[in-house]
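Below: a set of structures, written as structure tokens.
Both complexes shown next keep chain A, but they swap its partner, so chain B is in the first and chain C is in the second.
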Partner chain A sequence: MTNRKTWLYFIPYGLWLALFVIAPVGLIIYQSFFDLGHHFTVANYGTYFQSATYLKMTLNSVWYAFLITLFTVLISYPTAYFLHQLKHRQFWLLLVILPTWINILLKAYAFIGIFSQAGLANQFLTFIGIGPQQILFTNASFIFVATYIQIPFMILPIFNALDDLNPAFINASKDLGASAWQTFHRVIFPLTLPGVKAGVQAVFIPSLSLFMLTRLIGGNKVITLGTAIEEHFLTTMNWGMGSTIGVVLIVAMIIVMTLTGDQKPKGGTPR
Partner chain B sequence: MTQPIITLRNVTKRYGTHTILKNINLTLEPGKFYTLLGPSGCGKTTILRTIAGFTDATDGDVLFAGDRINDVPANKRNVNTVFQDYALFPHLTVAENVAFGLTLKKRPKPEIAERVAQALKLVQLADYGDREISALSGGQQQRIAIARAIVMEPQVLLLDEPLSALDAKLRRQMQYELRDLQQRLGITFLFVTHDQEEALAMSDEIFVMSQGEVLQSGSPVDIYDEPINHFVADFIGESNILPGKMIADFQVAFGGHQFECADAGIPVNEAVEIVIRPEDLTLTDPANAKLTVTIDTQLFRGDYYEIAATDSLGNDWLIHSVNPAEDGESVGITFRPQDLHVMRFGEKEAEFDARLETYETEDESHDEP
Partner chain C sequence: MKRHLANTYLVLVFIILYAPILFLIVYSFSQGDTMTNYHGFTWRHYQTLFSDARMLAIVANTLLVALLSSLIATLIGTLGALSINRTTKRVTRESLLTLNNVLMVSPDVIIGASFLIFFTMLKIPLGFGSVLMSHIAFEIPIVVLMVLPRLREMSTSMLDAAQDLGATTRQLLSRVIIPFISPGIFAGFFMALTYSLDDFAVTFFVTGNGFSTLSVEIYSRARQGINLEINALSGVMFLFSLLLVGGYYWIQQASQKRKHRKREVVS
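Right after this comes the complex of A and B.
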């Protein structure tokens, strides 16, 4: 009786898992072993790992994803920490979350307007006497907008980690003679690190495959793995190669998840 | 009197319009075991936090060895706290937790290792240095929390209901260990609890608190034998509290009769309350009795019977007796004059002490039961 009920509850999740996780991943792996003429081959992987272009693209993706994640952490941690001190923190947090409800493309187009030759940013630069600059289609603007878009996904887990932190730990640290800074870097930061890790997972991996932003804001100067996949599937119609890059991305995700996962030392269960 | 280590002078704490502490005055001498005892919400933890520096007094002074420390931050005060939920850092091992304060002070590594080992030995967990905090039981965590505090060699150790999370047996054992530890270290302990049994067992001096005020302070025996008012009598131990009337010095009327008592200095005919502890009542045959009561129910408590009875005026009586009685039986109860304690309504501790001075030249009337 209970067993049958449990199975009933599993059905939606099982369907979801099969249709949207297992099947796509299986199809991508399957596709990656076929060339343009639908012949089974491992040549796609050979091409990938022997081509300077693909390797550079991979490196580029990782580098830019790293930069985006780094800037996101640097901005989000202090922000989350500050928000957490505020009286109506849930309200202020909501204001940070709000932009995530707006489609990423809309936000990208908004930045095209802001960063364009006659846009708000250049108007300001002209006003303070620097004169108009090329802002749009630079790597800096790409990182800027990507960071802007990712920040809420970093702030949220860090904020939650701070919220879960028992204030007695902070008192205990002070009680034992720690200054505010010592309390932060020896108690608060280590104990909220799981929040940072969750944020890194939520930001780094999607950043690896950003492609609309690279085109709309970065002007296709940076070709990331995401852009490459799109090109292969929609322009060159080389699904095999596109899938191969997809597999590489999946492996990269697994690596990042492992690196940022909870290491459980000596059988302890971290809070 | 030696120089007090901690003094609170007219300390008041308000949150908005809500007053948590009302004009608290207390003095802690070095090397004694003090307890703040009261129901939850009475402000006892707030006093602890004020001394530790986690919260500041709205008014009044906090003195440490004679110096005002109101404006000294918590990390610069020479007091350490054992927290109610221990607050052991989960990302550090047992040894790292205990060493935390010493590493902040940048003590040399061999010294830290030695002092940590010593502290762990003191709490009988010498081999637990490499363990994770989560791998410890509640009682072990409690001891590590104590080790982490005493390794700092504070002059005052503040303990915030540290035994409340332990089971009854462990709690009793820890009472002995805490008392023993305090005597060996010779430092001042300020212990916060709502458990009167704990307070009576461990303390040199108890401060009984209610609603932000210290109602009475004194040794456990003083407070138990001479509670100042209904609240203290009721909160500490079991008691029979009866309405009565003062007839003359050393004469009081209650339960329809007049009895000799050990209290004086109260105006004649003043309405008072009488406290008699259940263990001071002795069952006897009605002929020799001071009062006759009818047994309602009784419970076997192991080392005694707890007997509930009613007298002819309808007052409830609680009697502890080593011998059982019959339900519904009419029995006599008797007590000695010094077993009665007379409480005046609204009398403050200072007035009570002053009244005692007037007739209690020697302590002959207040011998131990």
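Right after this comes the complex of A and C.
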């Protein structure tokens, strides 16, 4: 009786799993096998893997996502590290997270103003004697703004990893005569690597699919997988091809997840 | 010396993080029409914003979708967390959690595109309904993730005690479990709310022609260029986010204090 009753509680959640998790993923795979005339075909995959444009676009997208992730790690690791040494660190961490609560579109819009012809960035360049440059609608501005948006999502997991780190390890390392650099390089960094991996997961995949930034900031020069999907779905209405790129993106996502997933051996296995 | 360098670095990072936001807000008070030169103080853009009927309607829509979807997602997500917590087999639990996290890790475009196919196939008209359903869908997993840890902390002896004292399933839920996990439920609700307010990509795919939310509206206006009314809007939204963060922080603090107090009682 109780069992049947508690089973009832599962129904709404189960329905959600079936309708909004399993069905959509299935549908996007299903749709990728249809052409514009609603005929079943594998031509979309053929087109994708034979067309230099699509392959180049994919490589480009992966390359830009890699650059964005790299810059984000380079900026975020020291930030998380120094932040963690502060007295009121939880408060400062909250200040890092606060900008993520501001609508992402507003942040992109701010950069349209900052990077514009007579904007703040160019005023600064003129002031130091370089003179105004075309900043908006360049690849560099796209990478800059994307990095800016992703930084908090990288700081947070690294900070948490540092928080989980037992200080006894650091003390032990120092007692055993390790220099500050050795302690960092041999003890702190390897032990906080899971945090970096979690951050890479949180940054790399969204970077593959950011499409409004390529429009607003990148001026359509960088086409990411996300931009391509959006274009196929909402502009050219070629859902089959859009879904095919979507499947490629899902596969890319799974690869990233396995590469960055924790390789901790599952407990209980005898050696 | 080293401390000095570290602090300088942190100050720089914080400047970069906040400069764009402050920049937006400063220019919302400028008398000019562009974000290039400050022309003196004015409330004009805020007046335009508050007399812009279309914008106000969109703000109302956005808030309605956010509140309604978070409420429903919190309800379904909490029920989901309860069921996941009840599973005894490890395999079932792990696969449920994996499925739960699919929407957390999927890129927005994939969620948007697949939901668009889904709604079109079921002939569900695009608009308020489809946006609401999509928001509920992508908010549920975060609620589950917020509620589950609280459920794990709950000791089974407490439940056994309640059952021994003759509590029915309903009483067990409403008198014991829900009060205990309420901090997790509130955290889940707040996260769902921010997810909804922050979403652009998914809404952009499933919104159709007649219905719009703030993110979509800002996108289409930003594509037309600078308009200081958006700056005024960002000022208002920044204030709103501050309030939300404050509320969230306060709830977290309160729940931590309660935990502390309980520990003192125990020890």
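The criterion applied here is as follows: the second predicted complex is superposed on the first by the 249 of 271 C-alpha atoms of A that agree within 3 Å, B and C clash if a C-alpha of one lies under 4 Å from a C-alpha of the other, contacts with A are read in each partner's own complex, and residues count from 1 in each chain.
To be clear about the criterion, a contact is a pair of C-beta atoms (placed from the backbone, for glycine too) under 8 Å apart; a residue touches a chain by one contact, two chains touch by 3 or more.
None of these values were measured; they are calculated from a predicted model.
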| item | value |
| --- | --- |
| Which superposed partner A:Thr258 touches (first chain B, second chain C, both, neither) | neither |
| First (chain B), second (chain C), both or neither touched by A:Asn166 | first |
| Partner chain(s) touched by A:Thr235 [first = chain B, second = chain C, both, neither] | neither |
| Which of chain B and chain C A:Gly226 touches, first, second, both or neither | second |
| Chain A residues touched by each partner, larger count belonging to chain B or chain C | C |
| Residues of chain A that touch chain B when the two form their complex | 166, 168-169, 171-179, 182, 186-187, 190-191, 265-271 |
| Sites on chain B touched by chain A in the complex | 52-54, 73-76, 79-81, 83-85, 87-91, 100-101, 104-105, 130-135, 148-149, 152 |
| Residues of chain C defined as touching chain A within the complex | 6-7, 9-10, 13-14, 16-18, 20-21, 23-24, 27, 34-37, 75-77, 79-80, 82-83, 86, 96, 99-100, 102-103, 105-118, 121, 133, 136-137, 140, 144, 169, 194, 197-198, 200-201, 204-205, 214-215, 218-219, 222-223, 225-226, 230, 233-234, 237-238, 241-242, 244-245, 249 |
| Residues of chain A defined as touching chain C within the complex | 2, 5-6, 9-10, 12-14, 16-17, 19-25, 27-28, 31, 75, 78-79, 82-83, 85-86, 92, 94-114, 116, 118-120, 123, 148, 151-152, 201, 205-206, 208-209, 211-212, 215-216, 225-226, 229-230, 233-234, 239, 242-243, 246, 249-250, 253, 257 |
